[in-house]
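For clarity, chains are labelled A, B, C and D in written order, and residue numbers in each chain start from 1.
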Amino acid sequence: MNSSVIVFPGSNCDRDIAVALEKMQFKNQMVWHKETKLPKSDLIVVPGGFSYGDYLRSGAIAGKSLIINEVIKAANEGCLVLGICNGFQILTETGLLKGALLRNKNLKFINKDINIKVINNDTKFSNKYKKDQILKINIAHNEGNYITNPNHLKELINENLIAFKYCDKDGKINESCNPNGSVENIAGIFNSKKNILGMMPHPERMVDNLISNTDGVNLFSSLLK
Amino acid sequence: MKLISVKQLRLSLKKNKLKFSVTVTLKKDVLDPQGKVVQNTLQNLGMDSLKSVRQGKYFELEVNDNNQTQAEKKVDDMCKKLLANLIIEDYKINKI
Amino acid sequence: MKITKQIVEKHGLKIEEYANIKKLLKREPNLLELGIFSAMWNEHCSYKSSRKHLKNLPTTGKQVIQGPGENAGVIDIGGDDAIIFKIESHNHPSYIEPYQGAATGVGGILRDVFTMGARPIALLNSIHFGSPDHSKTKSLLNGVVSGIGGYGNCIGIPTVAGETKFNSTYNENILVNAMAVGHAKKDKIFYSKAKGLNKSVVYVGSKTGRDGIHGASMASAEFDENSEEKKPTVQVGDPFTEKLLMEACLELMKDNSIISIQDMGAAGLTSSSVEMASKGELGIELYLDKVPCREENMTPYEMMLSESQERMLIILEDGKEEHAKNIFKKWDLDFVVIGKTTNTNKLTLKYNNKIEGEIPIDSLASKAPMYDRKWIKKKLPKSKIDFKSLKKVKIKDALIKILSSANHSNKSWITSQYDQMVMCDTVQKSGADAALIRIHGQEKIIAVSVDSSANYCKAHPITGGKQIVCENWRNLVSVGAKPMAITNCLNFGNPEDPKIMGEFAECLIGIKESCEFLNYPVVSGNVSFYNGTNKKNISPTPVIGGIGLIQNLKKPMNHQFKKGNNNILVIGKTFGHLEQSVFFEEIYSILDGQPPEINLINEKNNGESVLEIIKNDLAESVHDVSSGGLLIALAEMSIGSNFGVKINKPKKLTNLFKYFFGEDQSRYILEINRENMKKVEEILKNNNIFYENIGLTQKDYFEVEKEMKINIKELYKINNQWYNNY
Amino acid sequence: MKLISVKQLRLSLKKNKLKFSVTVTLKKDVLDPQGKVVQNTLQNLGMDSLKSVRQGKYFELEVNDNNQTQAEKKVDDMCKKLLANLIIEDYKINKI
């Protein structure tokens, strides 16, 4: 499977995702944001980090880059697109995913391992997970507080477009295990065609037992199928 | 009975609300990385006539007070105490 | 413009120093030249008060590739790999503007490390604040922590360890020390020494603004009639640009384009160009009209003294200009040839083809002043504490009080604001005795820790100096790493006061003793004097940053109990030294007497034996015993794990407070599975190590026989509330 | 001689520079935790009469243009394209 990782100035999880993809046997290429063409890819990853320093709004400026037009085109043609953390923020800024990510409710950068629950495992991104499976996964962000309008929220729920929700270690979903204030404890969402996934947690950080765990592995192996 | 009177009290208080805006900007010679990036981006988007961008913070404050001069002094105090760091920032208060 | 006495003083130069300048120049300097002298001759650049003492530190060893004198120290970790690291202070700016001060501190130290060809792989910090009830402390804490995080998170380098302390000695002068650690290939290390004539001197990075022009802010009023506004002396950090600069530099470093490279730190363009020329015994000529400027009408004086961040100076091999320029263009950074190397041994500054200043390089570097300042020795203090007269407390209450204090509370409120995992090589995060970072793509692991103990250093600087090196060494040993080398940040008061100078000199004597004995050389560092206000200097606070190495990691070692019914061994003798202890400080507000003495022979033997035990995979968890003593260390091993302890009542020391809270040095606590006891005891006996078996781990409870019992969940709560309630 | 003419040129250019301020604030129904924290902090500092705080962003833009309406349209365009995220934010433009 061919993957492309888009690199913006200020991306800083680009190497991490590349390492994870290669470990999972993807044939990966890095694509610099000034390029005007994407290599042939089955999966495009918009990685985490601080594109353009997160200046103005996180993701806003990357959302206006040249390459992003190609990403939009490919996504509309059905290519799989994964946005992680800053990548998620960028995808919302481009409109590929609806809603927006606001400052964490405690107004602080948060880095810690949290739990998320797999809400929809019937997608190209999540079929190797069990439904309601609880993952332990790392988050690291300033602006992960997902918000959207009531209609879209209804759509997310009714069409099963919520990918992951923050939960406690027993799987309970409530305000006390919501790290950033996201509506409905949302940690990740799909677009309506389910070929685009945006998520705040970092699956690429969870593919190596020495540094964490392997709870992120199945996301990548789902894609390989 | 009591409930109504509280409501009325609230209502009467509302009349005395004064609204101010505060803008906090970086001092002239201080680096403004955000403004710089925004400027470059807008120019790259084809806004050639754009000469410069500086970014700052904006606040809208509502103060309960009957006396505007007094209220303004209070807001000024808030700016000095919290909203601006006078080492690198300037601020401006406006009645709105 | 005539240089008056007043102008000289405003530049922080003494009248005798000014006389010396005239002698070296054989004439009067102009204002630009005076500014340059003031920048190069100030304490920060010239180390004029400290050089004499720093010379005595041990700086060599088989593991050392580059000792002090370059942008950072370099050590050999085997194979092709080198670790490059340094610590630096940003105390004063952080007090004035905590967010930007701390952020630019991180930015500055990162540049020191990637200038030498290393990709930074870890950040650490040592932060000291005033007393928590001082009116400024809270906002300083908030600002500093978010500044450190803001910069490190954005640039994408994990902040993995540090220390945070509160003490009223820092009420008017906080300490913010940042350390950066990078990895490079041994044959790809870049130095600042210029070589060759007529080579291009290139300016890269951000534009130059009027940031941080110190002397200038006042003197400039006289030559710049239209500027009444006070110039900012605090720089704003731009981590985004730093990230670009780092990537661009590392990209250019892949081939052989660079002769010499130097970041523009303190005294910006001045110190970077002088340093390159001085090391290469060359001259350098700069065309200041070429310098990329952020503001209009900047004068040569301002350009040379600006401390704008995120800039570098590079000397390129012939014909590499285009190639280099393309790389910087790719990263949207300025790239301008602003000068060339010459054979004049002078710094020559031209503006619109006119020479604006010309100074012999040696007068700025090797001939800069060096002082042998007066210093006085400190006597070993005698304690006046009469233990019996003190109010009685319960052991449990003392434990709770200490664990819930500002200084001993869990730091996750801080560390969760730092991205500790980015780069995906953080094997062990903050919270352990030392953090562990994997060398990317390899099995090699380095351990990092920073430590200080101002109370000990204040009470007796020699002993204190000795102690911090050992404590740092112990922290690395506790995670199974072989300690390799250190960097140090020496935060002291006013060196013109013989008492303060004595603290400095004696701390260094202590540091030297430990480093020599432990073969733990100093490869880089930084001195920060004048911490404090007129009358009140801070307690001497040398901070040690250490690097350890694990060639082959089996499993990461940390201090958390792993299982019930394991033996608990204390390595090293417990005498019950309570003077200068946390116990006295927190429970009775007494800071008195002498710090615990260190026997370096025991220190080394104990540590090496612990390493042997860990290497043979015989320990489940290991923790050094430091401030707070045995009981605090045991509590830290329980908190966050599922297991507590059951400690037997000690047989020898009758005073339980001495036994449980004494701060005797060179001790470790080991959790040992019963099956491994024989092997462990054999190692300890073979090495002649004193040890005690003091009890067992157990589920859920933290217990001292007949004295106290508490649920570890409760302990956890006690230890985790301070920051959230503050 | 040349120097003076450059100065004059600058001066004449300055005449055509129009300056706008833009404030970007969160929409009313979007929670503003930042404003809340500022409000609480100020109230803790003893500013009892403070009723509410909203925080936003502030920009100062300089545009080279002779025609104010046209320039304002350009600034409006910049707001829509980049400065504000209309899903969550409102903006206001002022000539300054």
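Odds and ends about this structure:
Quick note on the criterion: contacts are C-beta pairs under 8 Å (C-beta built on N, C-alpha and C of every residue); 3 or more make two chains touch, one makes a residue touch a chain.
Everything quoted here is computed from the prediction, not taken from an experiment.
Any chain touching chain C that also touches chain D appears here: A, B.
Each of A-D and A-B has its own count of C-beta contacts, and the greater count is at A-D. Centre-to-centre, using mean CA coordinates, chain A is 32 Å away from chain D.
Note: centroid distance chain A to chain C, computed from Cα atoms, is 36 Å. Separating the CA-averaged centres of chain B and chain C is a span of 39 Å.
Within chain C, residues 238, 240-241, 332 each touch two or more of the remaining chains. Under the contact definition stated at the top, the residues of chain A that touch 2 or more other chains are 52-53, 55-56, 61, 64. Residue numbers of chain B whose C-beta contacts span two or more other chains: 33, 37-38, 41, 45, 55. Chains that are in contact with each other form these pairs: A-B, A-C, A-D, B-C, B-D. Considering their complex, residues 96-97, 100, 206, 209-211, 229, 231-238, 240-241, 294-295, 308-309, 332 of chain C touch chain B.
Interface residues of chain A facing chain C in the complex, by the touch rule stated above, are 9-10, 12-13, 15-16, 19-20, 32, 34, 49-50, 52-55, 108-112, 138, 140, 142, 202, 204-205, 208, 210-212. Within the complex formed with chain C, the residues of chain B that make contact are 26-33, 37, 40, 85, 87-88. Considering their complex, residues 30-31, 33-34, 37, 57, 81-83, 85, 87-88 of chain D touch chain A. Residue ranges on chain B touching chain D, taken from their complex, read 17, 21, 23-25, 35, 38, 41-42, 45, 47, 49-65, 71, 74, 77-78, 81-83.
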